[in-house]
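Presented sequentially are two complexes of subunit A, the first with subunit B as partner and the second with subunit C.
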Partner chain A sequence: MSSGWVRMAAPRDHAIRYGFIVLLFGLIGYFAIAADGFVSPQSAVFIFQSVAITGVLALGVTATLVVGGFDLSIGSVATSAMMAAAYVMVVLEQNAVVAVVACLLIGAVVGLINGWLIVYMRVPDLLATLGMMFLLVGLQRIPTEGRSIATGMTMPDGSVANGTFGAAFLALGRHRFDFFVPNLIPVSVVVLLVLAVLIWFFLEYTRFGRMMYAVGSNERAAELAGAPVKAYKIWAYVISGVFASIGGILLAARLGRGDIASGNNLLLDAVAAALIGYAVLGAAKPNAFGTAVGAVFVGVLLQGLTMMNAPYYTQDFIKGVVLVVALVFTFALSGRGQR
Partner chain B sequence: MKITRRLLGKAALGLAGAALLMQVPAMAQDKPAPFDKPGAVKIALVRYLSTGDFFQAYLSGVEAQAKALGVDLRVLDSRQDAALQADMVDQAIALGVQGIIIQHGLTESMKEAAQRAVDAGIKVVAFDVNVENPKIPQIEQSDRDLARLALEQAVKDNGESWKAGYVYVAGIAPLDRRNETWVDFKKKYAGINEAAMFGTLDNPIANSVANQARSVLSANPDIKVMFAPYDEFAKGVKIAVDEAGFNKDIKIYSADISTSDIAAMREPDSAWAATAATNPAVVGQVSVRALAQLLAGEDPGHNVIVPPTLITQKDLIDKDIKNMEDLSAKLPQFAHADVAMRAWMPNPNAK
Partner chain C sequence: MGNDAVFRVDGLRKSFGHIEVLGGVSLDLHAGEVTVLMGANGAGKSTLVKIISGVYERGGGTMQLVGQDFAPQEFAPNTPAEAIRAGVVTVHQNINDGVVADLDVATNLTLDRLSGRGAPTLFNPGRVRSEAKAVADRMGLAIDLKARISDLSLADRQMVAIARAMAHQPKVLILDEPTSSLSSAEADRLFALLDRLREQGVAILYISHRMSDIRRLADRIVSMRDGVISGVFDRKPLDYEGAVNAMLGRKIHLDRIVARNSAKPVLTIDGLRIAEGARPISLMLGDGEVVAVTGLVGVGKTALAETLFGVRKPLSGTMVLNGKPYAPGSTGEAIAAGVFLVAKDRADSGIVGDFNIQENISLPFHKRMSRLGVLKRRLERATARRQIQELGIVCRSEKDEMSALSGGNQQKVMVARWMSQAAKLFILDEPFQGVDISARRDIAAKLRASANGRATLLFVTELDEALETADRILVMSEQTIVGEHRNADIDLERLLAEVAGGPLHSAA
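Up next, the complex of A and B:
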């Protein structure tokens, strides 16, 4: 390798490393000029709030991407958790704590089943989680025969459900913390940031997290080195399931009811954020920091475009363009996809 | 006077007695063929859309009216598969049904299937899908009337000049029809200024629309009225309005209703002022009745329109309406529509 090649490569390295961050700031700069009211603490908080739920899901799916897997069921885990929260509070008339615990349990159990199917039943990850996705979309509708859950609803047996969403539970979606400006930061944004820092630290700096990367990059080598590969993989799906159920809790708290939904759009947006994350800082691998930046990137785009009255299909289009560009950054420019 | 009263009393007693004795045979005799023999008529409901509260309620209406008429109902659900829905019509023909209700679908895929059913001598009605067939009555909830009722209330509440946000996704037939009314209204009232138009059907719809509405409100904090002619849109807008703390400054007008919508409208200081809705259960009942008319050799007319009802926040609070059942009980015009209702038909809503 000549020194000339190294000198040529340096700017290219910089482009790969910082290109996406520069693009993000460029975008913010553009919207700041083009859209009135884009630059304000409230606007910044909106952006985080609008991506909080998909962001949490994206962080969960990152854990499965790290071990070389994939989780298609996160969207339906989130909507199932939302239905479960509504069912526990409105129909069973329990309090917020019970609802949250029930949701987290659902997430953990679904994650365990996914992991078990993939590791012990040897079902390929995409297929196992696809099956789980359909299963959950159907399961969440069975208790209410396909109705959405809201206070005062009539149950299939003719009785009226009188429970309400607890104030403590609704606070998860509606309470705001003071931060320089009073009533600024909603709980969901705090949850997103805390989870992002947690999973980032966990994946990058703990032995457990680094072993997960080892499993993802070469499962056989990790196994020969004595790592309990199966356990790591199952844990990745449990993390993903629990994160998805946290997303579902936030969704239920925001909507204040149990809404029939497949969660497919949540899944797609979350996966997009995680994949965009590959390109951030030239990581070319799943990483929590990148995922968080990817989610914010999508949020900035949608907020700015909506403020400029762009219709929804142009937003989908631009989301797709960003994803494709990010993947080009990851695979072509960094040269890692050419193995 | 005395004699008259006694006579009247006797007459009444006699009539009541006769009615009691005669009730069962009389009812059966009153119904025209083929409804004079309970269970003799078999009909099929061929669905395109089925998930969601609206479609659930529609089905319950169809079931209730079919039961009241003593009709054997088969439900075939294609779950948004247009080709399968057309096949299901053939399946229904093979089942030997006398009547078919086509519920939603695409004109292109259903037109020929519907014609095949008519050719096989089967009576067909269609709800919310135009099958372009003069022999097939079209059941419709009037989307233009829905939008008109909500907008008239908006003008009544806010005057003729305001800045509006509008939620719309093009290409969805009922939303397109509601949009026509909105366009007319903007022409009629020059003071109505549409500051922003947005909308998405990404599910959960309310959550996605809330995100958009937040952006719109921060770009246009002077919006006074939000017209969201679909309740999922209205829910999303309400979440955004509440989060932005504008709930006392903005009024939301929408279409459609459900139990959770009622709860949202009843909240203290709720921005959701009014909605116009057709009871989906009633639409289901009307669909069956129109088909029954055809089967009995009567003509329900080519367009069977189920009129909407305006429901305001004030109605809900004053009449203490908490869910859809209360709404039907306390707003009788919502519970029952006298459309395609013949004297010989039992009313499933009568208790």
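Up next, the complex of A and C:
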């Protein structure tokens, strides 16, 4: 048995390590052949844009996964931030900076409350953040009595909101940088890349990131090694909340209004990206690089399916299948999950 | 009392992998008698209980349950339910495993009937209550049947668990450390109940480390060590010290240690009380000295270790570390002050499973190993390599997963972690648990060789480990220190008497 294991180990290791990267390139290759126009600058822009927002959210939720938690409220934090940005600029007639600061504050406060509920009130992470999700979905509708926010809308008290989205704010979602091809890289993608590198460096190279992994793996051992475990957990949720609110800012900037109906898929896509990230390079744990690859994977998949004219209602199903396959990769094949 | 063996175990064996846990255990239980089973951690008590109660399958040997008609019937439970039906009932150590917290007392008392075969489909509250009342009356249980279990004290829950077990009218009742979380007043109520059961002719197997329980209850004492019965004591008066001796063993390797004296105090403890009602602890630990604290399980060794390390706060008393007052509010503060703890039970409290050897070693010292928050990986790796050398950890490289290491090597990594930086006070709680003999020798030798410049404090249950490692041995009993011995020409009789909490010390 042991000699057989040694012989089997190498190819098996390779399958676990590179399986998902190979799958990603296979997917791109398949769409390149099967879907007309998949290999084009326009298509790349679509992919980048859809990846950017889910990617930012996924990086945030990765931080909570690292400490052994989970954050289901990210989608609703993002839409709340979007509504808040619109409200601040359109109704309160403030400038872009105020809007951005307000959004970040909302994210940080929600993260603090999540962390407090989980650490001090001992509510299980899934339930605490689920409750927060419902709360925010409801809360974001109250100021406008359930209406979307756009310039010129009539407020509940009969007055007309005359504020506008500032040009600087809209640029966050709409401006594109030249990159070989003119107008290729949206600002949101640059934001994603910066945040990805930041969180990757933080988790892999700083002592805070290292200790977060320790907390996620063995909380008691981390505490007996002198770590303020509660603070680390709360910080993880604050990171998650702030990242989600950044996602919301990008969403508002892209849409140019506070759309009550948008952002439904954010949670599912972001969680899928983060969990697919477990399988990338055989990490078998939450990690920033894997999450980024996972986000690209989801983006490519959706864009490819759209260009092959797959009906929209099949997309969630296919995403789900991919997620389940990725989880099997992580937990069954690598044998890590059994511990 | 009755000489009729109700339950007989003969040559019971059990191995996990190639580690033999029970090496042929033979044991008789008699009607109307309390047999106390003593044994240190890893002696095989729990395994024995789990085989008898049908949780584990036995590896060999026989078990016989003798019925009223003296016709021995083969007893080989495959599931806990079968053992209960046959008349052998076990109350496990964790009280909350024995009761359902969200249901009321009456439902708990009749739970087995509700779930058993032939149980009625419809729930009849009236019948449940009358059945529960019958059970409670038989036990002399004075608890409100409508109360929810979660509103009861631990002692009351324990009573309910036992009463529920007794509802099956078993011939044999096994109690696994039932008083480990009870106060002495609560324990008294439990003992009164057990007296009653003894009179009713139940054969009771009582597993405990608490000498006060044992003195109160035991008709016989059976000591276990290394998977075999190492002594049976049934002549009155019972030889308690002999039983402790048989349990802890005394295969002493004489004079392997040259005991050192130390004049320079590192830690001074004055009037420290670690539990309600415990007598205060005062002691001094010197530079270069290795001091072992020994005592049975549950006498407060871990509580004292955790108090010194800032995990819990003392009720009163002061500590002085290298001339400065020391009162750690957290583990982080303790580490910053130079007090390190190798915690008991490495899998739960030490090893970070997702980390490799190198990352496990550096864990508490990230701050010292980083600049502006960024870890110095080269320093981390060099430290790990040095420590692997120092302690002779058998591995391919510092990048090995912890799960690839043997128990002894895992423990060496834990010790290496805390020896990678200089300590003022180095505490090790049961560092030799689940460690093979050669790793144990390596660790002990390393501790002694590096002892200068710090005080070393060791908590061990096994006397041999203390005798092999320490310059000075302190004995703990009832949450306080009751004896002190220089590890040279030790009076073992007196030491064992102190461990057993005998009358010898109460005069002192």
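Rule of thumb we're sticking to: the second predicted complex is superposed on the first by the 329 of 339 C-alpha atoms of A that agree within 3 Å, B and C clash if a C-alpha of one lies under 4 Å from a C-alpha of the other, contacts with A are read in each partner's own complex, and residues count from 1 in each chain.
We take it that contacts are C-beta pairs under 8 Å (C-beta built on N, C-alpha and C of every residue); 3 or more make two chains touch, one makes a residue touch a chain.
It should be emphasised that the depicted structure is a prediction, and the values quoted were computed from it without experimental measurement.
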item: Simultaneous placement of subunit C and subunit B on subunit A, clash or fit; value: fit
item: Residues of subunit A touched, compared between subunit B and subunit C (which is higher); value: B
item: A:Ile53 touches, of subunit B and subunit C: first, second, both or neither?; value: first
item: Partner chain in contact with A:Ala225 - subunit B first, subunit C second, else both or neither; value: second
item: Which superposed partner A:Tyr205 touches (first subunit B, second subunit C, both, neither); value: second
item: A:Leu112 touches, of subunit B and subunit C: first, second, both or neither?; value: neither
item: Partner chain(s) touched by A:Leu170 [first = subunit B, second = subunit C, both, neither]; value: neither
item: Touched partner set for A:Ala214, first subunit B, second subunit C, both or neither; value: second
item: Smallest separation of CA atoms, subunit C relative to subunit B, angstrom; value: 29
item: Residues of subunit A contacting subunit B in one complex and subunit C in the other; value: none
item: Parts of subunit A lying in touch with subunit B, wherever the complex brings them together; value: 35-38, 40, 42-43, 46, 49-50, 53, 79, 82, 141, 145-154, 160, 174, 183, 186, 251, 254-257, 259-266, 302-304, 306-309, 311-312, 315
item: Residues of subunit B defined as touching subunit A within the complex; value: 50-53, 56, 169, 196-208, 210-212, 214-216, 218-219, 221, 235, 239, 242-243, 245, 258-260, 262-264, 322-326
item: Complex interface listing, subunit C residues touching subunit A; value: 309, 311, 330-332, 334-336, 341, 343, 348-355, 359, 363-364, 366-367, 369-370, 373-375, 377, 403
item: Complex contacts: residues of subunit A adjacent to subunit C; value: 205-208, 210-211, 213-214, 216-218, 220-228, 285, 339
